[in-house]
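In the two assemblies presented below, chain A is common to both, partnered first by chain B and then by chain C.
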Partner chain A sequence: MNQGYPASIPARWTPFWLVVLGASPVIAVATDLIQGAVLGASGAVVLILAGLVTRLARRSLPTGALVPFVMITAVVLISIIGVLIQALDPDLRRGLGIYLPLQAVSCLVMALAVEPEIKNENGPRIRVLVFPAVQYAALVCALGLVREAFGHGTILGWPLFGAGFQGSPVLFLSQAPGGFMALGLGAGLYRLVRQRHRA
Partner chain B sequence: MMNTLKTVLFLSAAAMVGGVLIMVVATYADSPAVEAAALGERKAVLPAADYLPVIPDTLWQAFDSARCFRGLVFRVSPKGYKGAIPILAGVDTAGLVTGVVINPVMLHETPGLGGKVATRIFLDRLIGKPAAELKLVKDGGTIDAISGATISSRAVVAGIRAGFERFVARMIRCDERSAVMPGTWNMTELIPDTLWLCHLGPDTGGIVFKGFTMGYLDTITFMAGVDRQGWITGVTVLSSHETEGIGELIREQEFLDRFRDTIPDAISGATMTSRPFIKAVYSYRERFRTYWSR
Partner chain C sequence: MKHLLLVVISSAVVNNVVLVRQVGLCPLLQGSGSLKRMLRLGLVITAVMTVGVMACGMLNTWVLGPLRLFSVMTLADALVILMLSRLATWMAVRTGWFRSGLSKLEDMMFSAQCVALAVILMAAAGQYPVGWPGLVFGAGSGLGWTMVAVVFETIRRRLDEAPVPSSMRGLPIYLVAFGLLALVGMGLAGVAGIE
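Our next item is the complex of A and B:
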């Protein structure tokens, strides 16, 4: 059981591509800070809890049942969160639509990052279980912030460019495909900065 | 083979446990908060004590605490520039707009342009205007459109106007009769100035009657509603000349409301007034039994 996962496995950042892949199901609706924050936070909570539950159940898991089990756990947890959001703020729940339960897919992708830790027999390292979730939440949240600021020209509904400003600074960012463009632009910018840094 | 079976059984069990968990949470977290939020929205467009659903999630009749009709609250979703605009509007008995709410989360209009129809800046322009005559200035009306967002503004204005025209038949005449039989918009007079038959729906409705009895000092005139099951839906005192602060307590809404649940006890200290009054309400109900029980 233990082979291949030494205790010294570093708690490094989850690869950016994996986080982006994980976030892609929800990118369409993360158009403002609140939606981004709710999506990011719920996804992170589900990811962490699913990891912990799977870890607790790892000894009784039959061979090959780990990934489906993570999926079932994630689906159950995200459904519960959906029910709770529906009860607390029905408008928000309606706005998130199908994309909230779709986060189960995000969790499945992100489970790739925590899978080694779930199987790690040398004791759980909460940090490794939590890191990918935090990265995921930060990415979706930042995406919501950037898209609200430049797509709508507001932050949390407050006008950013003065009350007299009409229209939208970068309209396509507020539309569904704009999320991917924002991500692409962000990734490009990151690369550029890193190249400059190295040179 | 054994392992496959084990996996299948394990995962099925896990899914089942998960399903039960969701169900438990859903049972506890469901409707009250949702209903409260929806109620808050209705209160925002037309403040009232009670909203009687006429068409589920679309049309409500608003009643104040004295069970008097206050106006209509309705939901319409006219097509805007990019999609349906979710509007909740309130109209009072005079046909004037009392409030409009557009849920920004559900709005697909262009942010900063058409999206502004959901802001108070625009919606406040509609308040107090006759709903049947809502029109943009451009179309010969009185409402200023949001500059650069005529299509979205027109959709909102026309949507409310169309909704009002569609639902205006559900307005209720506000008098004592609707106060004792909430939700009535159609009554047939069976005995002049004494007995009315109310139509609420195919299986609901009842009668409203006017009656009188001798109180302690003078005649008490009252009106009461009885539904098809014989339940008293409301009682109101039309005229009485009893002792101030004692016999006149029968006019208290709190006392009158008790008729809806049970046969009320006489008011202590005002037995001579309240006892004949309570007796009279029930004897009138019996007298008109053939009308409400058929």
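Our next item is the complex of A and C:
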């Protein structure tokens, strides 16, 4: 299923599945390219670093302590990222609101601890973490781009349809229901392309 | 009393935690396989949220706030939620309330932890004080989540039986259906004068 993936990545970790695992912040605040990029990058960083720390500490952790350990690591990482964003761009941090800390307890991060195909080994290797993390970040970024372009009619604040254009092309897309539909239709299109490619 | 009633309507319906705030989606999209099981999971999560909002409110207001430890509040809240989830899971299985086994409930509670933390962060952001308003906000949010979970479980069953194109079957059509459900949620804005 995952052609081109390292063999040890679980087969169901397709890009859309990963985004759905961290769907709450993505749908709620990835409404433009900048917020999508920041959210995608922070999710990727947390996924990679929390996975690496877990790999290093896994052998010395008692049974049952893995989930709290992953959670604490992810919350600490996301708190540091939140402070950095606050220092660089307070408006952006305000825009991300409660959804930035929620990335730390999303299923995306928790999947590290409970995914049997990763759990059985000594812990996830870096390439096993980097591939899905980069795909997650790229897809969240793309979703932000599509929602900004069609929801607001701009890219990075630059108008796409000329000065004479009034209003938004598809305002619906910049809101939560549009986010669900864009993600659903994107997942369907992705699957259709894969089916055609395989046939 | 009227204020508490408005808090319940606001948290459960008008500002529904799933339809309007878009948190706690994973367990809904993942599904539980049975309507009864989803209802029970919803009630377990409601209990965790209600107790969690109170416990975290007390911790933040009376311990971490006076010590000016604002940067560790999220971490402390996440740990409280983790402990409460574990406790609720253990109790639900121990008392026979959830008969499908510990591992199934544990998996579902993992994915539900983010909704509990979100409600606590929302309670802090919405300035719901420790006491009845906070308690009612937690319970209302949990009941709102349970209501959507049960409705969506029913929709999932119908979608599984519907003649959907193979590329849209499963997750893609669930997301599109959820988009339509979220539209309904948006339409509830302004009910009882609550924005």
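Note that the second predicted complex is superposed on the first by the 153 of 199 C-alpha atoms of A that agree within 3 Å, B and C clash if a C-alpha of one lies under 4 Å from a C-alpha of the other, contacts with A are read in each partner's own complex, and residues count from 1 in each chain.
In the analysis below, contacts are C-beta pairs under 8 Å (C-beta built on N, C-alpha and C of every residue); 3 or more make two chains touch, one makes a residue touch a chain.
Everything quoted here is computed from the prediction, not taken from an experiment.
Under the clash rule set out above, the superposition-derived model of chain A with chain B and chain C shows the two partners fitting side by side. When chain B and chain C are set side by side, the one touching more residues of chain A is C. Of the two partner chains, chain B is the only one touched by A:95; chain C is not. When the two complexes are overlaid on their common chain A, residue A:56 makes contact with neither chain B nor chain C.
In the superposed pair of complexes, A:84 makes contact with chain B only, with no contact to chain C.
After the chain A superposition, the centres of chain B and chain C are separated by 80° when viewed from the C-alpha centre of chain A, nearest 10. Within the superposed three-chain model, A:17 lies in touch with chain C and out of touch with chain B [touch as defined at top]. Of the two partner chains, chain B and chain C are each touched by A:75. By the touch criterion stated above, A:155 is placed in contact with neither chain B nor chain C. By the touch criterion defined above, A:171 reaches chain B but does not reach chain C. Here the smallest spacing between CA atoms of chain B and those of chain C, following superposition, is 5 Å.
Overlap of the chain B and chain C interfaces on chain A: residues 68, 72, 75-76, 79, 83. Of all residues in chain B, those touching chain A in their complex are 3, 6-7, 10-11, 14-15, 18-19, 21-22, 25-26, 29-30, 32-34, 37-38, 103, 105-106, 110-113, 115, 147-148.
Taken together, the chain A residues at the contact with chain B in this complex read 60-65, 68-69, 72-73, 75-76, 79-80, 83-84, 86-92, 94-95, 151-153, 165-168, 171, 174. Contact residues on chain A toward chain C in their complex (touch as defined above): 16-17, 20-21, 23-24, 27-28, 67-68, 71-72, 75-76, 78-79, 83, 97-98, 101-102, 104-107, 110, 114, 175-181, 183-185, 187-189, 191-192, 195. Here chain C touches chain A in the complex through residues 19-26, 29, 71, 74-75, 78-79, 81-82, 107, 110-111, 113-114, 117-118, 121-122, 125, 165-168, 171-176, 178-180, 182-183, 186, going by the rule given at the top.
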